[in-house]
Amino acid sequence: MKRTNLTAGLPLVLLLALVFFVAREVLGSLEIINYYWQLILDQSLIITTAAIGLSIIYGFAGQFSLGHAAFFGLGAYTAGLISKLWGHGNYGVFLLSLVAGAALAGAVAFLIGLPILRLRSDYLGIATMGFGIIVKVLMDNSNKWITATGGATGMTGVPQIAKFPVIFSVFLLAVLLARNLRLSSFGRAWTAVREDEVAADAMGVDPTRVKTLAFVLGCALAGVAGALYAHRYPIVHPSSFDFLKSFDFLIIVVLGGLGSMSGTIVTGVGWVFLLEVLRAVLGQSFLDFRGVIYALTLVLVVILRPKGLLSGMEWQALIPRRVPEGNPPAKGETPNVSA
Amino acid sequence: MSVLEVRNLTKNFGGLHAVSDFNLTMEEGELVGLIGPNGAGKTTVFNLITQMIPPTSGSVIFQGGDLARLKPFQVCRSGIARTFQNIRLFKDVTVLDNVRTSFGTRPGYGLLGAALHLKGYSRAEAELTAKSRDILEVLGLLDKQYELAGSLPYGQQRRLEIARALGTGPKLLLLDEPAAGMNPSEVGGLVQLVLSIKARFGLTVLLIEHQMGLVMNLCERIVVMDFGEVIAGGTPVEIQGNPKVLEAYLGRAVA
Amino acid sequence: MIEAINQVLNGLQLGLVYALIALGYTMVYGIIRLINFAHGDVFMVGAFIAFISTVNWHLPFYIAVPLSMLICAALGVIIERLAYRPLRYAARIAALISAIGVSLLIEYGGSLKFVFGPNYRVVPQPFSVVQWDLSGISVSNIQVIVLVTVVILLAGLQYLVARTKTGKAMRAVSFDHDAARLMGINVDAIISYTFALGSALAAAGGVLYSVAYPQINPFMGIMPGLKAFTAAVLGGIGSIPGAMLGALIMGQVDVLSAAYISSQLRDAIAFTILILVLLVKPSGLLGKTGPEKV
């Protein structure tokens, strides 16, 4: 049997990330990547960071959420407000606001998740979608309580200080966090609950705890992504976080192949670029067709590959299937099962 | 102290008496067979013992502690593991990870350790992986460790169910029709297998089975159920001669 | 008090329209376990076809309505045939994603200039509106027409599902596809039939909606669609009486919360009620709860 070292893939992943980062810096300074495409690249990384969150919730743990954009929005509003009111471009406050965005989204996810994660499949999807709509309505009306949010007209004035290095770092951290957890007993408990909650329960996995953890973590990732979004795009608007945006995240995770993190990353980045390439290729006169092509692509891809593009596949450097041999107990020794 | 004491366990589904007044005491190291025709309530007894469904009345005492109000995962952690009649493996997960899942519900590292792959994580993972492989080796599944559980042939899936249950580190193992769907040679292997894991892991075993031959060969004591009630109990020889049992299996006069 | 009665009547009118949409959701869910997100857009198409056939083609209203129902029935069948049937044996999420895609396709396709166009259109009244004043309680002929039409359609549906052989087959298919097939039922045909029926009802709902609230645009189906779907879940998805009950409740919640609490918050209130009901009774008010099989 081919021996594979558990950590062998990680240096490769990090090396690739470094190469990508340096290449971007060089191309950026040569202005081969212009302002517009940099915006798209940043957007794709932000969206993918949030999508990794949904990948944890739905792909790993099997909990159907149709309200992911709400948590993305909660992070955006929380961090945006903090930076706008107190930060005035201060980088320390910005970093703090990222943490606050993740924390608030995670805390709300905990409070809403405790009751609703008892629901199964479609019903959970419907409840999370309902929650997403409630959050959107509250955002529309938020200026009644906090003027600075701008309510239905959107919030402006958040300092635009999220640049590529920090966006990329957060994205990379999200990938590594999801990967590490996936390869731990937490990740195995998630997949167990996804595969068969009753059997997982019977095998000593606490389903409530496991599902809540996935939901809180996934939503916190959406929150931090939203926090970055607020510092990258000059207007934070409730319509950017409605249930149709939740569909975007769902589409990324499902088309990537449920449970495949590599798939989520490829599809997340690809999906954002596809939309923009369509815009560039179609030109102004055919812009109306963008939505139609987007929708047709979606239907065609799902019919041709109903399990998603990379279902059941992982980039082995990132998430290996094989586990290193380690040091098995000496021959004849009985494993201490009751330990 | 008895390992398991089931007292007056009763379960009604609406008007249906699935289990009525079921009593069973098991001593450490015993291997008891639970038999009876289809629909006799055997699997319901398992579901009641493991608290997967709440009893209408009665109690389950395991190693001196009452299991009432425990959740299934807590019952499992207290030392009772089970297999499922209608195989419920984690199908899209590798064979190895099926066992590592049940092994690692309390892995000895926390969320932070897992998130950062700290030292405690590596040590604990190496250990539980090694132990999981040992169990797979005992069950003859080690060479399948990277295959997806759902892709295994039926008999191997049944054995993986046992491996996964062993991963939880049980004192009491509940086997629900482990021979169902196996061919005769596999059934022969199963008798040896159950005896060897029982000895090796110091188990007390309660076994539901349809295949009489298997039960008679394997079990020291047999409990027979019909229509939710215990109709007989005793050694294999006693059971074979019991007219009530014959009636339950071969049919009865219409009342 | 009079004011409250008037509001309840308005809520009834909206609830009846929701009921027509909710039935399609619940029947389709009952038969293939799919949340048909494109259903709200069929409702929109129904409104537009009635609009086009009366304004552009100068057809009388009583022909425009059945025509719209017929075209939408065909549309529903085509959607199922092309976008859902290839995925019938795939994971259910795949069909759901396909439904989202079809929904977007109809919305963006409808927005194209040579289809419906992206703008709001004002629907001319097909008949002059008459208001009756019954000692303060005001009733319009629109409300009466909505009520009568919905009652007739529901009675027709009830007859089809409960009394005809096809209806029996529908119930059999929703219970178990394979068993139904073994009994000689043409499952594909029954599913097509269900889509046709649901879509025709949604089209009727769309026409009535555009008469009662005379402004239409290609995205008008989203919110009523969601509300109607929510109503179906509230009542117990898969259950026809449940969908009607849920829709009537949803109509009242919508109108009363807009009138007495806040019109901005009315969607939030509707969905809060949905979540609360799901938590207390996950299968909805009239849905059947089955214990998880162990």
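When the chains are written out, they are named A, B and C in that same order, and each has its own residue count from 1.
Basically, a residue touches a chain if its C-beta (ideal position, glycine included) is under 8 Å from a C-beta of that chain, and two chains touch if they have at least 3 such contacts.
The model shown is predicted, which means the values in this text are computed figures rather than measured ones.
> Which chains does chain B share as contact partners with chain C?
A chain counts here if it touches both chain B and chain C, which gives A.
> Suppose every chain is reduced to the average of its Cα atoms; which one is closest to the average of all protein Cα atoms?
A
> With centres defined by CA atoms only, which chain is the most remote from chain B?
So the chain farthest away from chain B turns out to be C.
> Just give me the whole-number Å value for how far the CA centre of chain B lies from that of chain C.
The separation of the two C-alpha centroids amounts to 49 Å.
> How many angstrom lie between the CA centroids of chain A and chain C, rounded to a whole number?
33
> So how far apart, in whole Å, are chain A and chain B when each is placed at the average of its C-alpha atoms?
Their C-alpha centroids are separated by 39 Å.
> If I count partner chains per residue in chain A, which residues reach a count of at least 2?
Those would be 198.
> Residues touching two or more other chains, restricted to chain B: which are they?
Within chain B, residues 52 contact more than one other chain.
> Multi-chain contacts only, two chains or more: what residues does chain C have there?
294
> Can you name the residues of chain C that touch chain A in the complex?
Checking each residue of chain C against chain A gives 33, 35, 83, 86-87, 90-94, 97-98, 100-105, 107-109, 111-113, 118, 226, 229-230, 233, 237, 264-265, 267-268, 271-272, 274-275, 278-279, 282, 292, 294.
> Could you please specify the touching residues of chain A with respect to chain B in the complex?
Residues in contact with chain B: 6-7, 177, 180-181, 183-189, 191-192, 195-196, 198-207, 213, 259, 312, 321-324, 326-329, 334-339.
> Any idea which chain B residues touch chain A in the complex?
50, 52, 71-73, 76-77, 79, 81-82, 84, 88-94, 96-97, 100-102, 104-107, 109, 111, 114-117, 121-122, 125-126, 128-131, 133-135, 146, 164-169, 171, 200-202
> Enumerate the contact residues on chain A facing chain C in the complex.
64, 115-116, 118-123, 125-127, 130-131, 133-134, 137-138, 140-141, 198, 243, 247, 250-251, 254-255, 258, 288-292, 294-296, 298-299, 302-303, 306-307
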